[in-house]
Each structure stands twice: as structure tokens, then as C-alpha cells.
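Letters A, B, C, D, E and F mark the chains in the order given here, with residues in each chain numbered from 1 onward.
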Amino acid sequence: MPDQTPRFNQPLSGLEVPRFAGIATFMRLPHVPLNKARDLDIGFVGVPFDGGTTNRPGPRHAPRQMRDMSAFIRKVNPATRIEPYDLVNVADLGDCPVNPADVKDSLKRIERFFSRLVAKHIRPISAGGDHLVSYPILKALGRERPLGMVHFDAHTDLFEGYFGGFRLTHGTPFRRAIEDGVLDPKRVVQIGIRGSMYDYDDRDYAASVGVRIIDIEEFARLGVEATMKIAREVVGAGPTYVSFDIDGLDPAYAPGTGTPEIGGFTNREAMFMLRQLDGLDIVGADVVEVSPPFDPSGLTALNGVTLMWELLCVMAKKIAAGR
Amino acid sequence: MPDQTPRFNQPLSGLEVPRFAGIATFMRLPHVPLNKARDLDIGFVGVPFDGGTTNRPGPRHAPRQMRDMSAFIRKVNPATRIEPYDLVNVADLGDCPVNPADVKDSLKRIERFFSRLVAKHIRPISAGGDHLVSYPILKALGRERPLGMVHFDAHTDLFEGYFGGFRLTHGTPFRRAIEDGVLDPKRVVQIGIRGSMYDYDDRDYAASVGVRIIDIEEFARLGVEATMKIAREVVGAGPTYVSFDIDGLDPAYAPGTGTPEIGGFTNREAMFMLRQLDGLDIVGADVVEVSPPFDPSGLTALNGVTLMWELLCVMAKKIAAGR
Amino acid sequence: MPDQTPRFNQPLSGLEVPRFAGIATFMRLPHVPLNKARDLDIGFVGVPFDGGTTNRPGPRHAPRQMRDMSAFIRKVNPATRIEPYDLVNVADLGDCPVNPADVKDSLKRIERFFSRLVAKHIRPISAGGDHLVSYPILKALGRERPLGMVHFDAHTDLFEGYFGGFRLTHGTPFRRAIEDGVLDPKRVVQIGIRGSMYDYDDRDYAASVGVRIIDIEEFARLGVEATMKIAREVVGAGPTYVSFDIDGLDPAYAPGTGTPEIGGFTNREAMFMLRQLDGLDIVGADVVEVSPPFDPSGLTALNGVTLMWELLCVMAKKIAAGR
Amino acid sequence: MPDQTPRFNQPLSGLEVPRFAGIATFMRLPHVPLNKARDLDIGFVGVPFDGGTTNRPGPRHAPRQMRDMSAFIRKVNPATRIEPYDLVNVADLGDCPVNPADVKDSLKRIERFFSRLVAKHIRPISAGGDHLVSYPILKALGRERPLGMVHFDAHTDLFEGYFGGFRLTHGTPFRRAIEDGVLDPKRVVQIGIRGSMYDYDDRDYAASVGVRIIDIEEFARLGVEATMKIAREVVGAGPTYVSFDIDGLDPAYAPGTGTPEIGGFTNREAMFMLRQLDGLDIVGADVVEVSPPFDPSGLTALNGVTLMWELLCVMAKKIAAGR
Amino acid sequence: MPDQTPRFNQPLSGLEVPRFAGIATFMRLPHVPLNKARDLDIGFVGVPFDGGTTNRPGPRHAPRQMRDMSAFIRKVNPATRIEPYDLVNVADLGDCPVNPADVKDSLKRIERFFSRLVAKHIRPISAGGDHLVSYPILKALGRERPLGMVHFDAHTDLFEGYFGGFRLTHGTPFRRAIEDGVLDPKRVVQIGIRGSMYDYDDRDYAASVGVRIIDIEEFARLGVEATMKIAREVVGAGPTYVSFDIDGLDPAYAPGTGTPEIGGFTNREAMFMLRQLDGLDIVGADVVEVSPPFDPSGLTALNGVTLMWELLCVMAKKIAAGR
Amino acid sequence: MPDQTPRFNQPLSGLEVPRFAGIATFMRLPHVPLNKARDLDIGFVGVPFDGGTTNRPGPRHAPRQMRDMSAFIRKVNPATRIEPYDLVNVADLGDCPVNPADVKDSLKRIERFFSRLVAKHIRPISAGGDHLVSYPILKALGRERPLGMVHFDAHTDLFEGYFGGFRLTHGTPFRRAIEDGVLDPKRVVQIGIRGSMYDYDDRDYAASVGVRIIDIEEFARLGVEATMKIAREVVGAGPTYVSFDIDGLDPAYAPGTGTPEIGGFTNREAMFMLRQLDGLDIVGADVVEVSPPFDPSGLTALNGVTLMWELLCVMAKKIAAGR
């Protein structure tokens, strides 16, 4: 028990209240509705939307399961020596409003919600939702100037469309974001890409606009350190977004996802890569495509929230260093 | 082994090819694409669509799991002494085209597909999909004259809308069908309705247009026989549709569904009720809302396909009697 | 959408915010920490404790899963025509403090917490936890005068002790409560008792102090109505507690529990029985022994929270009638 | 703790050693290899064989899971007031030898093993294994004179053969046993028969030899008491075998089985029926077709071992009465 | 959408028909019964047989689950730049006939079926079934001249027999094939062998006939590249069979199998090894021992079908190069 | 089949009795109650206790599931060429007595049981149970002189206490053992430590008393060989205990555990590390924290028992070498 009131929000300790008890919030932090948010540096947000999913739905249920599993996370990161809640003020902002019956209306609601975070200078770490949710988030965060992005995924999500013209699916968010000018393709790196494909449309597009792809074969050759050296060079010092599609992990680590592709990252590889983001100016991040109905064990969600925790640590360190 | 070629399509026998072997089709019948269908009386159809789902998605995966579990069904119904494949010609017509990225486009595709069945005088028994799929099916089947309906469900699905105006969800199909004049509310009976509610809007609407509701409490008092006597009186001799939402069953029998409500039918009650449809002029039927991701055991799907089998039997008997 | 501010707390509507979205609270009601509770009639409480479990642990995880599944419950009970949130003020009071490392300390914390509810005139509906949690709750609620009890269970929980003298387990709470004078054995009825036994010690004790046992065989003969007529006569008009051990349900309905016994209630029987508590002076209630690790599907929790909802309805009606 | 040494083997008490602890044996009785068995009245036997299964294999794993779940069973049956371990001497005889690579060799091994029980005057209660195991057991038990049988099942298991002439499968045991003269068809009653069929071959055979079938429809009309009155009349006072195929239960109660058919018994119905066997001269019994790979929850096995317990009780009472 | 009719069979695209829709076939290719097969280069075949299994059965269900999961596979392999459906003509030939009640009869049926493929010059990629199915396939493919083999597995499957003389089990296929002269032991390499053993009988046999074993310890030292260099040297340029037992993967990647051994390949290692088969004259291949009842999640099947896809790619490239 | 009676206990061979048959014991060895144990070198023991668990209970069920899965293990270790049952005499001693209702009483019972093993010169390899069970085992084994320890785990389990003073939990055993002088901190090495933390209390304590921690980051840099070289140096030639917490494995390999932390060992890494214990004087070992309710597939238990097998092999070799 601390002998003085901490400066920032603190997670409920498992040494005082057991981890299985209490209302479930991200990292056991206080739930602060956005309209009451004051002096927050970073906000956890759930985006319970999977209207962009073309095969196996389910990510709409992810925020709730990820909040539940986040009770496993404590407050000190011994590997990086970061204690984020001493550095920055963080809260669970609850779930972003969505409309499960309408894709476009949902995208508007998401963009509006994240724009309010931007206005309040809160950097989001969100839990999807399918990958389409990254698109309105990028529109909110990149409105002032295009962002760079470190993107972990089995897929490029740079497709033109599906089913004869439907352009808003979980396979298209970053093409849309580049077209809208909120994402700078020359500052985008995609890591872990793999799996069979329909054609080379997305890869050709990536090449044409300057997106750097490190597919799983190149990653296997390079290893974690060299891969992340490239990633840091691509995004540079500018404002950067981090998007982690849980299907970047191998399906043995993330069975609960909609589009599994074998041969992916181990969670150890993933965790070590995120730590190498140290020093980047990360303005927001997400972990998406966790699909609880396909993983009642919660393993996928546990991996997802631990990756959110590692993201929190590097972001907190950078913010504190800049004060 | 029959000593002469049967007149109609026959299911693959488990005595000749083991049930676990072979491409999975409904009831192990031949797969006949609709454009090649000739002289069929009844067609099994999958409708892999759940774009109308407001909470837990999944029924898009139902046709495939239901085909798999249908390998358990044989060809003689000893309880009713019906042998449908000697009476009528039946096939698996495959899955109706849908667009997982667009609700309205999907409804058009479904209506068009079922209109082609109507033109070929094939009566459909379809496996949803969420309950919204009944709406375009009813539009195709009821275009000439409004249909009656025997409807088994935990919910009336007579709601006006969701989320501030979205009128096409799995809670609204029958209100839309009545408004469109393809369903005659005075010839509609709904059995098994239960569960907590937002308000009485759907019940008031039912009362105002003449839909007869037998909620689970009344069913528990009446029993199977008296309930079905009322049902037969409501729909009368006219053309009638049968819609069975699997959440009409209790969640112990159907855990794999999106909106479970406790206190529902046992599968024995359900099976006995369907047999009492004997003699009605059933022009089409569906079993909807089976959601495989929430039931890897396949129990829900097994119940669903067995109910389709019972529907097949009563429909076959009536068709043969009318020849 | 209501045209005026409701008088009491209202659950978040699934028509406005999808049921899968948002922080999970009981019935989607506001989370009101006990020290901020004002003018509440009824409080939902989680008691995440299973230190009294002698075989399969797990109920410590129940409050969180039950909150999650309670998103399925809406606000109108059409069977009984009760709309509880128009009648009384209800909130989720969060989880009662417990100590997973010490049984006696936990019992003290639970008693203290519920005593504070009594002081604030809030009637609890709690979600266990194993059945031992009923003991400190009864001590808090029955301190002024002994309570009657309607008890649904497969077991009497009237045992003397386990493992050579351990007297505080989930098989002993009501013997302890009777010994302490907080439970009046002549006003206790136990319904659904069944299963093999070690000996007749508990039944002999029940007979000696006047507890009325309706075992499953008698229940099967009597049916719901006659059973509940007896139950109402036993407890009479005095202050009464209701305790529902989920293993009262058959294991097909409640696989997620520690001591399943076959041949139990269907959930329809259970639901109809609770409705017959109408008019009793229920001062508190619990649903215990839901064990999520043994039921990842959530079926057991769904049954549990729906029973909590039915309890809420009868309690709300009685409170409102008494104002 | 008893104040004197009991006369017969006693199960390990859950009040002394927790139910989850210890080597798993049936009912927590001593494991007594058959060659060391002395003065036993009844022996529990596992028959881990599923070589007769034509669709979903798995019952070979049943004895082990059923031993595990049998830890839930205690020693007093309060409904029937029977305490079997005070009446007769019972042990777990281990698993009967089988050969998973050869059906005929397995049948010989099973018959030989059960013949040794007969020679030692031990009445078996066995846990299959698929239903074919009943055939060699009947050959061992009925060699001296044909047996009567009360048979609970969804299927008659009276088929001639499968796959063009294979006559030894789990669908043929009782036809073989009747042909061999070890089962007296006029003293056989089959209860719960249902499900779709290939043809009427088995029913015609049953009629021709005098087997009495009470299908699920007749059972639903008659109820438990009238059904069992008929059953007792059919088998009369002569030596009788009881065979319970777990698929007699509805798949909601027994998802873990190879050939589920919907509309079956509840476990309450099953339990009450077995109690009505009171007074019959049961020379052996089995519970078969539990298939653990299709039910990781263990619900099916729990139902199976509880039915074995009820069989033990009625058999023990009769044996003790005859001494 | 292609602007001209493709030369060869094409899989149904997930961009046109959603992956969850439609009858399930391997890779969503047309189902072409063998007697109608014309001008096919490669045929996918299911072999739903597990009669050779000595412990946990289940692979009979594998073809159906693997067809279902194969909907995830598309048509371009970006890592190897191979587009197989532009190079060769491929179809799903359905399931090979088997007899679940008789091992020897099944082996004859399998051999006959694959002999027909040989006669039609179709190279099979089959999905078992247990590993015994490789034996009749090798007899059909190796009749003209003995084959070499690259064999991925945890076990050598070179045993003499089981249970006192049973020589046809899933542990003996390759010893039988060597004895029959259809497999050339000097051109056989086995990779990934590990796990505890009964004795050294199989290893001694391997050494005596010249089979090269690379156990998991040697593999861990060598890595993928050096391992496959050895493999290519062993089999050389002659006709070669590839057999992949899914238990070669670690059980974390393949829980659904009958004889798991820890310490196996990751799927990334497996995938990279198969790509190194490039240039070999592969006349047939199989992936066996996927057991769905032990993995309802489908992860094992997903890994299995993806390995079939990689095999297809290297085989197609070689065939096209040889035209 | 051996031509002469073996000198020591032999496991039941899967070539004679199928692995799924028979009463389940560790490694299919004879069950020898401790009071009948004679001339044993090594004893397998179950410790079905999880009273020290602070979050997700379940390890009380581990011994039974681990016995079941141990049927997969045979008797020759080809990687290390060790055949333990030819070297030493081993048996399954059954489960150690515990009291699920009282932590302190359980610790006393465990210490007493293991003291009896010490008196009989039997070295234990035990299956927990939660990690607190290592404490009384160490007290029994280290009474004469403090032990060294090689400890594989995600956590140091060197905490002072939980929940305000509770000092006996699964997070504290080794601090207690060091305080009691039964564990020599200078001869303790902990491998695999990782995960977020409450504070540095445990690490500071480790540093202050001389415990060597190799966290997962250091392990990833060093690799298996260098890590184990350090480990062997730390413990030296003195008497040494080995404790393997299954959560040392990554949750993809061990989902069934109470406190999963991502980024852990693969089972290949774990297996290779245990083999490097060759030559140490291991006086006892345990594998703890397997929690079956969170892993119905049994994968976690399979990994656990295979690690016990590797421990058996190195211990047997050393004992035989010393005779």
C-alpha cells in the first residue's frame, strides 16, 4: 500500500483485490467516460465492431473478453524497467459507439469518438473490432498530417474491394487511409505478411505507393532485431501509428481470429518486436481481430492484451521523456 | 440395395458409404445447382447470411455445419411412417448467393434466388442464416398471394427497428413482410415466445394486425396437441410458410444461437409439434439462427437438421397426396 | 427512447448500445460503489469466493461471467407484466471484498459488506461464489430476527462438517446459520434435493429442527404449483431469504458447477417456481455455485442471471406494493 | 468413520479423501484384478472397445472417463433407501482385455473374461465400449439358459448387417444374441426407440421373433410408470439382462455418443425407469456408447455412471433379499 | 474476374462467393467423381479410414473437416511465386471407398481406387485417415518400380506388429511397403522422429535396410535448410512419395491427433521444409492422422490443409516444367 | 515380450494392453501404496492441492488428468538412450493426503507424507497441485541439509505475502523454504522468469540472498546450452531439487494453468533443458500448476507428464551410476 497518493490513475492491485473480482476494465484501471476525461495522456478504448468482416465474425465481442483477461497484467515491466502508471495518466474510456446494423454509420461514429480524444490530447490504445476500425481511427488521428505506421499482420489489408465493389471491409482499411491522405505510404512498414492470395493486387499497390513489406519469409531470415531496425528507419521520427492484427501471431497462439494463416509470429517474437518501438512518436495504437467465439480459452485475448501492455509501456516512456 | 432404379433422388446410404465419408450435402442428397434443377419438388437451400444479427453473429456458418450433421439422418420416418424420397424428388440446391458486406444487396440476391425456385415449382426448405433471411424468402414465395405462417421462436421478430431507425435486422422480418403484403397477419401464429423485453411494441403490433401469439407460458399450459390445434386453425387450408428459429428450443438444446432465452421447447416437444403440421399446404420452410461458433459440439445443428427432416416428411406427404 | 427522465436507474438498452459493447455490469445497470449508494432499493452484488468448495473450484469466476451474460436481459417481464426498473431503484454494487487465501477472514468481510447494505436498506441479490457465501449474508440480514428461506438445491447443505472437523464449507452454511439463530428452521423449505449421499445425517438434522425438504421425487409428483404452495405456507408472511444453488438445475442446463447431480430441474421449472414467490417478503436472494471453468459456453451463467432477473421482478413488485 | 470394520468393500469417502484425489476407480471402490477376486457379488468392469462402431468412434475411452466422473457418487441412495455396500460385496475388476486391431479376437476375449465372472458368481455391471460388447457378454451370461432383457436405446440394434455383409457391428448385437439362443426374444423389451431409419428390417425382425418395442412416441404417451409396468411383465421373474445405450438419453444430456437421435429421455426419466426394475432378477447390466472425445465436459459420462449406480442399487437389494 | 476462360479448374474465389458459403470441397475446387475424371494432373482425395489406429481414433472424420478448413486457402503462393491452378488441372475426387468394419477389405478398396488414379495419370494428394492408408496407396503408386519417400512424422511407423501379431496398424505401413518392394528403403528419409519408445526394433530395422532417420534432435541442430539438403540427396531424382503425419507438428499446433509427442515442428518449420522439395519428382503425397474429435477448433485441420497446399504448389511447378 | 522376469517394475505396454484401457496410473506403473512400498528408488506422487492459488484454481484435478495422459509415454528414451525401468525401481505411490478445506493442515500432511518417502529412501517426482506444494516437499527433503534447486517458471515465487499478510500462497513457497533453511539460495537458479510485476520485491530479495535469475530475455539471448551450463554451475554437485511450474511453458503449450504469461518456453526448449540436468544429484522433482478445467484438450497435462518422464530418465541414470 503506497504511503502517498499516486499522481496518476493506478490499476487495482491483485494483492489487494483478487484478480477475478470486480467489474472488468482494461488493466483494472478506472472507467472514465470520455466526457468526464481530464488530464489523461493515454486512453484504452474498446471498438466492438466487426461489420467489415468477410468470413468469420466475432471481434465485436473482443473488448469484453480482453478486459477480462487484462486482469492478469500488473504494473511493472521488468524486462524494460518501465512503470507506466508512474509516468502517464491512463484510463479505460469504455467502448466507442458503433452501429452493428450499418457499416458507414459505424465508421462515422468511430471517427467522431476518436476525434474527441484527439481534441483532448489523449492517445488511444484500442482493442478492436475487426481491422476496418483502424480506418476511421486513422482519419481522426491523421487529419492534421499523414501518419507513419508500423503494421503487424498476416495480410496487407491494402485491397481495393470485395464482392464486386464493396470497398469498406477488413481487407481494405489502409488503402482507404492512403487514398484519404491520412496515412503516408512511404512511412508504412508491414511485418509478417504471409498466406495464399487471390492475386498480387495488394502487393503491386504497396510497391507503387512505397509501402515496405517484410513478409514472414524475410522476417524469418532477418530476425527480430534487424526487422525492427528497418521498421524504425521507415517510420522515422514523425508521428506514427501502430496496428497489430492478432492474426500476425501464428494460429497456435491466436486460434480466436477470423482469417488465420499458419507460420506466424510466436508471442515472444511479437513482444520483443514491440519493445523495439522504444523512442518512436506513437500517437495511437490498436490490437484488432481477436474473435472470442473461436477461442473460449481466452488465449488469443491474453496475447492481445499483453501486447497492448507492451505498447502502453513504450508510449508512456516516450511521453514522459518529452515532458 | 434396391432391385430397381428409384424414381426420385435417394440419399447416400450409411450402410453403403459410411456417414463420415464423402462431400457433405443436406441429407446426403445429390447436389444439383439451381440452373440444372429439373423436376424437383423440394429443394434444400443454405442461406449463409447473418448481416441482420444485432448481437452474436455466426449463422453464416450454419449451412456447412448443418450439412455435416445431416449425415445422421436416414430415409424412413418410423414415427409417421413417411418415406419422403419415395414420394417426392428432393435435392441440395447449394447455398443461395449473399454479400456479407451489404445487407440490402444480400436481400435482393436471396429474393431473386428463391423467385427462381418458385418459377421452377420447387418448394424450399432452407437453413439460415439469421432470421432476416425469412423476409426475402417470403417476398419471393408470397408475391402472388399473401401466405399464412406457423412460426416457432422465442421472439416475435415483429419489431419496428433497432439503433435508431435500422429497419432490416433479424428482429424485424415479419413486420416488414406484413407491411409488404406477402404475409397475412390473420393467418400467422407464433409459438414459444418468451424472454424479457424492451417494451410491448411488438406485442401491441401483433394484436393490432391479428397475429396470434402462444407464449411459452400458454404452451406449457396447453401442451403440444392443443397448441397445434390452434395453430392449424389459424393458418387454415391456404398456402403456409413454416419458420423455425432454433432459439425456440431451450439453450440446453441449442446453445449455438445468438439470442438464447431460457425456458424453451425441448427437442421432443418441437419434433412432435412439427408432425402436427400434417395436412397443411406448406409452400416453404426454414430453420434459422443456428450459430456454430457458439456450439462446436454440433448439438444445435443436429437439432436443426432433424427438424428440417420432419418438415420434409410432412411436406412430402402432402405433395404426394395432391398429385 | 423515453420522453422524460426516468425516476430510477435504467439498464443500458440493447436498442441503443449493442449488447456486446460497454463495460459489463449486472443487467447493464450503473455501477455504484457501496459507499456512494443513495436511495437504492435493491443492489446486485458479486461474491467472488469459492474457498468453501471441497471438490471442483471455480465459482470465484462467476460474477464476471454472469455480468457478461446478463447483457441478454432486457427490462420488461411479459410473463408477469412486471417492469422492475419503473418500480424500484437498482444498481450493480460491484464485488464484495473477499480474501482468497483465508476462509474466516472472507466470511467476516462478506458479513461486514452485507451489513452495510442492511444499514442502507438495500436488499441484495447476489451472485456467488460457492454456497458458503450464503452464511455470512444470512448473518448480516438475519441479525435482528431470524429469517425464513426458500432454498432450491440438489443438496441440503446442512452437514456438520468435512474432513474431520472442518465446519465451514459449501456443504454446511445453513446448519451454521440455524445454530447462530439467524435462520428459523421451521420457516425453511428445501426443494430439489437429490443425489447419492454419505449418510442421513443432514436429513435427520433437518427433521429434528423442522426444515421441510421437498426432494426431487416429491417435486416430480407434485409439480410446480403444488410445490410452491407448500413453500409459501412454510415461509409465511415473515422476512424471507431465497437461495438458488445452480446445481438445483439438471447438469444439462448447468454443466458449469462443482457438484452436479443428475435428474434436476429444467430451467422452465425453475423460472416458473420463482414466479410463484410473488407476494413474499423477500429481504435478499442469491444464485450460487456457477463455475465458469467447467462451462466456457456460458449456458450455466445465462440460466443463473435469468433466475436473478425473475427474483428481481417479484422483489420489486412487493417493494413497490408496500410503499 | 465407522466404529467397526464393514463386512463388504466400501468406497473411499469424499469426507475423508477429496473426490478429486486418488487413483480413479469405479465408485472409488478397491481395484481387484479378476484372478484375485474372492466373494464378490457384483463387479464393475470397463470394456474399452469400439471396433463395432460404424460412424463416430470413441467409446474405447469411456471406461477411463466414467471412472473419473464416478467420484461424484456416494454410498446411500436416499430416493430408494438402498445402501448397496452394506448389502453386497462389490469391486472394480479393471478393464476387460480387448484387441483394438481385431473385432473377432476382441469378442472372444470379452466372452472369455465374462465367463470367468460367471464361474465366480460375480454379476457384472460394465461400462462399454460400443454396443457390440453386449453380444459376447450375453454369450457368457446366457450360455446356460437364454436371458430376458430390458433394453434402453434410441436404436433396436437388431440389424442384419452393414456394408454388404459385415455382421458384427454396434447395430447387430441383439440379432446375433437371439440367433445364438442366449437371448430369449419373447422376454426382450426395447424402450426409447426413435430416429430416422434405412428401412423396417429391424422392426420386422423384432415383430417376427416377439421382441416388444416401446418407441419414444409410445413412451411419451404412457409415461414412466406404465412403460415400466409393461417392461416388468415382458421379462417376468426369469434371469434378465439390462442394457442401457447412452444414446437413449437425449443428446442434450448425452452429446458424447456416436449416433445421437433427438427427442430422447431426460436423465430424470431414465433414473426413474431404472428404479422400477426393483425386484427383477438382474444377472448383469451395461451402460454403453459413452464417447468422451465428443464431450470434453464429462456430462455424458456423469449421466452414464449415475445410471450404473442406480442399477447397482436395485441389483444389490435383490441379491440381499435372496440370501 | 478473369477476362477469359481459364485453361484449368479454378477454385471458387472468396471475393465472389464468401468462404463460408457453398458445399465444402478441397480448396473449393470442383468435385469430379473419379469415373468422370478427364485430363487431370493432380487429384485431392479423402481417405476416411482409421481402422489401423491403436489408441485414439478419429481420422475418419478428417477429410470432411479438412475440406471445410480448406476454404481459407486461396490460389497464389506469394512466397514461392507459384500459381498452381494456372499450371496444372486439379480437382476434388471425393472420398476413397472404405469399409469401417474391416481393415483388409478397406486396404483393398484403397489400393484399387488409387490404382485407377495411376491408370489415369492423376497424381494424388490425399487427406487421411490414419497412417495405415499410406500402405495401399504406396502399393498402387509403387507397383511399377519402388518409390523413394520423404516422410515427416514423430514416429518411424516401421514396426513389425502390435498386440501379438497384428501387422496392419498405423505403426507398420512402411515396413509392409518395404517388404512388398514398393518402397525403396535406401531412398527413404524420415524427419522429426521423437518420443519415448517401447524398444529399438524400428530403428534397428531402419538401420538394417538403409532408411535415413533425422530425429528431432538432429533436426534442431541442422535447421531447415541442411535437413532438406540431406532429404533431397537421399531421394534423388527418382519417383518420390511425400507423407506428412500431422503429429510431426508439435501438439500445440496439432492437438487433434491420435499419438501426440511433444517437441515437434512448428508449422513454419514444416511449411519451409515442404517448399524445399522443389524440383523433386513427387508422384503422390498425403497428410494423415488429423483427428477432429480431439480438436473442435479446427487448428490441426487448418495446418493440415495448408501443408497440402504447399505440396500442391511444388508438384504443380515440377509437372508444368516437365511438359 | 521379455524372456525373463524383469528386475524392476515395468509399465504396462501399449503393445499388449491398449493405452486407453486399464486403471490410470502414472506411466502405467503399478500402484503401490506408500505403506507397502519396498525397495523403490523413485516414486511418482500426485499432490491434489490448490489451496495456495490466488486467482484461477484447478490444479487439484491435475494428478488425475496427468495420470490419464501419461499412458502416452513408453519406456525407452531414444534421444538420451536411457531406459529408466531397467535402471531403477519406480512405482505410482498414489496421491498424497490433503485437506481442501485447510491450507496449514494440508501442508503438514504433505510434509509428513514426503518425510515417509525420505525415510524409505524413495526420491519423489510429484505432480502438483499448485506451487505451494513445493514448500512442504522441500521441508521434508531438505531437513538434513539445505538443497540446491533448478527452478523453471514464469514467476520467482519468492514473494513475501498476499492480501495483507497471507504468507502461504503459490507465490511464496521458495521464500518460506529459504527462511526455513531447507533451501540454499546460493544454489538456486530460476529460469524463464517473465511477465509484468507488482514491484521488484521478489527480485530484490533474490539478489539479496544470492538466487540467480535467468529471465526469459536472458534465456532468449543465451539459448538452451549456455543457460543450462550456468544452471549446472549454480547448483553444483550437491543434493538438488528440480521444480517445473508448467507456466514456464508458453500459454500456447500450456493454456491450462492459473497464471499464464506470454513469451514462455516451447516444449522443445523445456525438454532439451531437462536433459542437460544429466549428472546432477537430483533428490526430488515436481511439475506443478497444471489446471485441467482450463484445458479440456489435455495438451497441458501431456506436456507436464512428458517433462516428468525426462526427469525420471536423468534421475534414473544418475542413481544407477552411483550404485
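Just so we're on the same page, a contact is a pair of C-beta atoms (placed from the backbone, for glycine too) under 8 Å apart; a residue touches a chain by one contact, two chains touch by 3 or more.
Keep in mind it's a predicted model, so treat the numbers as computed, not measured.
Peer 1: Once the contact rule is applied, which chains count as partners of both chain B and chain D?
Peer 2: Both chain B and chain D are touched by C, E, going by the contact rule given at the top.
Peer 1: How much rotation, in degrees rounded to the nearest 5, is required to superimpose chain E onto chain F on the basis of Cα coordinates?
Peer 2: That pair's rotation angle lands at 120 degrees.
Peer 1: Based on the averaged CA atom positions, which chain is farthest from chain C?
Peer 2: The most distant chain relative to chain C turns out to be E.
Peer 1: Quick check on chain C against chain F: do more than half of the interface residue numbers occur in both copies, making it same, or fewer, making it different?
Peer 2: On the two sides of the chain F and chain C interface, the residue numbers are mostly the same, over half being shared.
Peer 1: Mind checking the centre-to-centre distance between chain A and chain C? Centres are C-alpha means, answer in whole Å.
Peer 2: 40
Peer 1: So, what's the distance in Å between the C-alpha centres of chain E and chain C?
Peer 2: About 55 Å, centre to centre.
Peer 1: Indicate the residues of chain A shared as contacts by at least two other chains.
Peer 2: Residues 18, 20, 54-56, 60-61, 100, 162-163, 252, 266, 294, 297 of chain A touch two or more partner chains.
Peer 1: All pairs of touching chains, please: list them by chain label.
Peer 2: So the chains that touch one another pair up as A-B, A-C, A-E, A-F, B-C, B-D, B-E, C-D, C-F, D-E, D-F, E-F.
Peer 1: Can you list the residues on chain A that touch chain C in the complex?
Peer 2: Touch list, chain A to chain C: 17-18, 20-25, 31, 46, 48, 60-61, 63-64, 67-68, 92, 94-95, 97-98, 100, 296-297.
Peer 1: Looking at the complex, which residues from chain B come into contact with chain C?
Peer 2: The touching residues are 54-56, 162-164, 194-200, 203, 215-217, 220, 250-252, 255, 259-264, 266, 294-295.
Peer 1: Taking the touch rule as given, give the residues of chain E at its contact with chain D in the complex, in rising order.
Peer 2: Per the touch definition, chain E meets chain D at residues 50, 52-58, 60-61, 99-103, 162-163, 166, 168-169, 293-294.
Peer 1: Would you pull the chain D residues touching chain C in the complex into a rising list?
Peer 2: 13-16, 18-20, 72-79, 252-253, 266-268, 271-272, 297, 299, 302-303, 306, 309
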